[in-house]
Structure formats: structure tokens, C-alpha cells
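Following are the structures in question.
Shared between the two complexes below is chain A, which pairs with chain B and chain C, respectively.
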Partner chain A sequence: MTARLQRALGGVTRVRGVRGALIVAREDGLVVADALMEDIRGNAVAALAASLTRRIGEAARASGVGTPQFLHLEATGGALLAAAAGDEMLVVAVTEVGVNVGLVRLEMFRAAEAVQ
Partner chain B sequence: MSRTYSVEPWVVDPLKGFVAEADARMVLLMTPAGQVIAQYGFTRAVDVMAAAALGAAIVSAAGAVARMLDEPVFSALNHQGKQHGIFLAGFDTPRGRMVVLVVYGRESSPGLVQLFFEEFARELVAKCPEPEAPKPILAKDFERDLNETLNALFRA
Partner chain C sequence: MSPDVKAMTTELIRDAGSLVFLQLGEALRMEGQIEAAKKVARTGMERHPELPEAHDLYARILVSGKEPDRASQIWHELLQSNPRHVGAHKGLGFLSYSHGNLDVSRDHLELALAADPTNQSVIQALRAVRNAAEAVTEEYPSPAQPVPAELPATPSTATGETTSLFAAFGSGDHGILLVDVHGRTLAGGLKTPGGADGSSETAAHLAGVSQEMERTARMLKIGEWRWLVVEATDGNVHLTQPAEDTLLFIVRDRDVPAGRLGLLAESAGAKARAWLDGQRA
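And then the complex of A and B:
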């Protein structure tokens, strides 16, 4: 199981500009598997990304647009991306500025399929 | 409206910060013996006393299991229910070990509580004053001290 999850994350982290990727328990905000650069606090990213996704999900459902499948949060120093992996998991990536978001998104959805 | 009450003023700001960041519904900061240092969110004294006694008992029981397994100590316990979860963890300060009991709802998560608990504990350790020399317990002071503590925790 762990090897399968690590392989799934490997596809995401191989994209140039990706600084780390995690599989996160959606409800708990806890790390299930990660592949991160040393300076990234995995537990903090997992907890906050899960919380953010949950709240954005509430807003989306209240707006009548359904459950979000992909979240792209662009910041001055990079981006936080989160993709739904079924009802229980999230694939989260932390990237540098200027990363090819389309490619990362594709790899994140591949990872999400592998996780389910 | 829930408010933060504490018998130690240096605890108040870190506790308020923790409650806000972790979206906690109720928090008890206590000694491993169940003596309450600060509380947030409890409205009745009887609930605080019961929660403190139960929290201290859980920590004590978990410590006994840890000793059986030759573990130094279990640092944190988490129980999740449908609507609420509880998080119970201990940490060492210059004034001895402290225990935090957190009740959180669906607006929070174990990951968030654990993350901000670590920051809360670090902040408390940094702000904790040096232990004072124990004062003799005088019968004439006992009732006054007890009332001051109760007033601080359950200001009506």
C-alpha cells in the first residue's frame, strides 16, 4: 500500500517546479503519504489544505455548483494545489512560481486514481 | 458567548490564539493531577471538574499502558465521534508537566488541532515563568486562595 502511494506521488514530484506532494486524509487533515522537500512542514500543509478544501467545498455546495474536484491557490512564492481522490483522500502539491499547472494537475489526477 | 478563564495570566493569550487557530469548541489546560489552570468554552463548573478528572484519569491510564509497553509516554490521544472529537496531550514546562484536553467539532480536524497544539505548547513553554518557591499553606489563606481560583475559572 505504502509503495503504491509513494509511486503515485512520484509522478507528481517528477514535474519540474513541484516542491512536494502529499496524500491527505480529507476529514482528518492527517498525512497518509508524502514526498516533500526538507523545508516543507508536511503536517501543517496537510492540516491546512484539508481545512481549506472542506470550507471551499461548503461554499461551493452552498452556491449550487457541487463538490470541488480541484483547488488552485496561487501565492507570491508558489502555489498550493489539491485534487479530490474519492470521498476520503486528497492529493496535495506545493509548487514554485511558474510551474506548469496543467501538467501537475494531470499527474495529481493520475495519483488520485491510483489512491482510490 | 464563550470566554477564556485562567488562574495564570501568562496562559491567556496563547490559549486564545490556540482556540482561534484550531477552531476548538472547548479547551482545558490542567496538571496531570487534574488541577485546572485555564479553560475555554465550559459554562458550568461541574463540567470543568468532571472533564478535568476524566482527562487526568485517561492520561494516567495511558501512562500505565505505556509503562507496560516500555514506552516513555504516549504524547497524544485522539478520539473521534460523529459530531465531536477529543484530543488529549501532555507536554513539559519549567513548572512541570501540563495536559491539554481539546473538544473539537466538524469545523476542525485532528490534523488542525495537533498542528496548533504543537505551537500552543511551544508558546506556553516559552512564556512559562520560573517555578516559585512553595509557600506554606495556611488555614486562613486556604479559603481565600480557593475562592480566588474558582472566581478566576468561573467568573459569573
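And then the complex of A and C:
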């Protein structure tokens, strides 16, 4: 299981500009698997991504657009991306500025398929 | 004669060069006084031949007067001098739709939307045309949704950007919502696909979200957050902060890609900022 998840994350982290990727339990923000650069705190990323996804998910559902499948928080120095992996998990990535988001997104959804 | 029409008529008599003829002509058209509307618009065109809105108004009146061919000609002429004119594209989109030319209609409406991404009447018309095109593709005999019979008025240059913003927000339609950090609606509105008003509940859920994004960005050391896009099962959402202590929440169908949603958000954000500045002044 762990090796399979690590392989799935490998596809994400191989994209240039990705600083790290994780598989996170959606409900409590716990790290299931990770592939991170040294300067990234996995637990913090997981907790923040799960919390933000939950909060935004409530607003999205209230607005009638249904359940979030992909979230992209763009910041001046990078981005946080999260893709739904079934109902229970998230694939999360932290990137640098100017990364090919389309490619990262694709790899994240591939990883999400591997998780389910 | 309604009080508004009477007041505008008085104003036009007082100042024959006034641009109030644009509102007067439209008001008469809406009241079904087509010949009077034509007269007002023609006189306005003669006095202001360089004003695109005068020609657009006259074309709209001609459509209401069952003269679509002449209207089409005027809008085409208008596009030659002003290729991004929203009203002309919208009008030609409507005429094409009514003739069953869905592809042409969609092209015009998409050009109109590109020129004014927050124009709710264009967005609604485009949605109806796309639905109709899908219905035809699936060999259904008739369009799934009718385009509104009456052409909505295009905000004129005389009314300015602020009015355009109010028109977009004031429609209360699905969906642009401007909220404060306490979860209170400032402007705009959201309707769920089922037709329910989702504004208050969405605004309430957005309370504190900007602080959460700020905290997330800070802890991940990725700088200051700029915007957030959510792709959901039934639509896409764009969230940004047009001004301090506010959030702009934009909802569109899944067929509006994230990149285009970003462009729309930029435009809507600029309008929201200007509106907020006006409110705070």
C-alpha cells in the first residue's frame, strides 16, 4: 500500500516546480503518505489543506456547485493544490510560482485514482 | 405616459442635445410605443451619429417593431466601426438564435461576453443557446430553454461603469457575491441550480475564509494569497479579495474553464473595487 502511494506521489513530485506532495485524510488532516522537500512541514501542510478544503467545501455546496474536486490556492510565492481522492482522501501539492498547474493537476488526479 | 417617460421627454425638450434620449427611447420601447421610440432614436442618431449606443438602441427598437433585417444591418454596420460592441453582438446573437442559427448566435454571444464578462444578460443568453445547441445535437426537436423574448437594454456609455456594475450585481442572479469578512452580503447574489437563493448561506460559510487562506499561505511560506479556484462536481468557483476585508465569490458552470474564470474575476474585482470606493466615499 505505502509503496503504491509513494509511486503515485512520485508522478506529482517529478513535475518541475513541485516542492512536495502528500496524501491526506480529508476529515482529520492526517498524513497518509508524503514526498516532501526538507523545508516543508508535512503535518502542517496536511492539516491546513484539509481544513481549507473543508471550509471552502461548505461554501461551495451552499452555492450549489456541489462537492469540490480540485482546489488551487495561488499565492505570490507559490501555490497549494488539493485534489479529491474519493470521499476520504486528498492529494495535496505545494508548488513554486510559475509551475505548470495543468500538468500537476493531471498527475494529482492520477495519484488520486491510485489511492482509491 | 409614465412619470419617467414624461420627465425624460421634458428633459429632452429642454436640452435637445441631451443623451437622455437613450433612456427615453428604451423606455418607450419597453412600453410598446415603437413609433415614438423610433422617432426619439432617429433624432438622437442624427444629433449624435458617432454614438454607438444610439445605433444600438435604434436596432433594438426595430427588432421590437418586427424589422429584424434592418436591425441586423445596423448592428453589422456598428460592428465594422466598433468590433467589440456588446449590444451589437448580443442583438445579432438574439436574431441568429431566433432564426435557428445556433452556431452564429453562440459566436456573437461569446464575443459579447469577452467584451463584458460580467454582463448577466449575455451570460444567461449564452447559457440558453448552449443548452439549445446540446438539445439539437441530441436530436430533440426544440431548444431546451428559450432566450428572453425582450432584448435587455445594454448599459449605455452615458450610464457608465458604475451602473453596469449595479446591473450585474443588482440582478441577484447566479452568481457573483461580494461579502465582508463577517459573512455578510455586500452586493450580488447566488442562486443554486434548483433556483434557491444561496447567498446568505454561502456568505456565512465564507466568514473567516480569507483569514484561513492568509494563515495557510503564511505557514506554507508561499507569500500572500492572491486567489483561490475550486472545481466542483457541478460548477467552478473563483474567490478573490478585491479590497481589504471583502471577498468576491464567483460561480460559473463547469464549461467555463478556470483560466477564463480568472479573467472574469479580474474584471469583476475591478468593478467591485470601484463600487466599494464609491460606497465608502
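Here, the second predicted complex is superposed on the first by the 116 of 116 C-alpha atoms of A that agree within 3 Å, B and C clash if a C-alpha of one lies under 4 Å from a C-alpha of the other, contacts with A are read in each partner's own complex, and residues count from 1 in each chain.
By definition in this document, a residue touches a chain if its C-beta (ideal position, glycine included) is under 8 Å from a C-beta of that chain, and two chains touch if they have at least 3 such contacts.
If you're wondering where the values come from, they're calculated on a predicted model, not measured in any experiment.
Applying the stated clash criterion after superposition on chain A shows that chain B and chain C can sit side by side. Contacts of A:78 after superposition on the shared chain: chain C is touched, whereas chain B is not. By the document's definition of touching, of the two partners only chain C reaches A:64; chain B does not.
By the touch criterion defined above, A:94 lies against chain C but remains apart from chain B after alignment on the C-alpha atoms of chain A. Within the superposed three-chain model, A:56 lies in touch with chain C and out of touch with chain B [touch as defined at top]. Once the two complexes are overlaid on the shared chain, A:48 sits against chain B and chain C alike. Residue contacts after overlaying the shared chain place A:28 against chain B, while chain C stays out of touching range. Between chain B and chain C, C contacts the larger number of chain A residues.
Touch criterion not met for A:37: it reaches neither chain B nor chain C.
Seen from the CA centre of chain A, the centres of chain B and chain C span an angle of about 110°, rounded to a multiple of 10.
Superposed on chain A, the gap between chain B and chain C at their nearest CA atoms measures out to 9 angstrom in whole units. The contact surfaces that chain B and chain C form on chain A in the two complexes overlap at residues 44, 48, 51. Residue ranges of chain C in contact with chain A, taken from their complex: 174-175, 177, 190-194, 196, 198, 201-202, 204-206, 208-209, 212-213, 215-217, 219-237, 239, 249, 251, 258. Contacts from chain A toward chain B in the complex involve residues 24-25, 27-31, 43-44, 46-48, 50-51, 54.
Residues 80, 108-112, 114-115 of chain B are the ones that touch chain A when the two sit in their complex.
The touching residues of chain A, when paired with chain C in their complex, are 39-41, 44-45, 48-49, 51-52, 55-56, 58-60, 62-80, 94.
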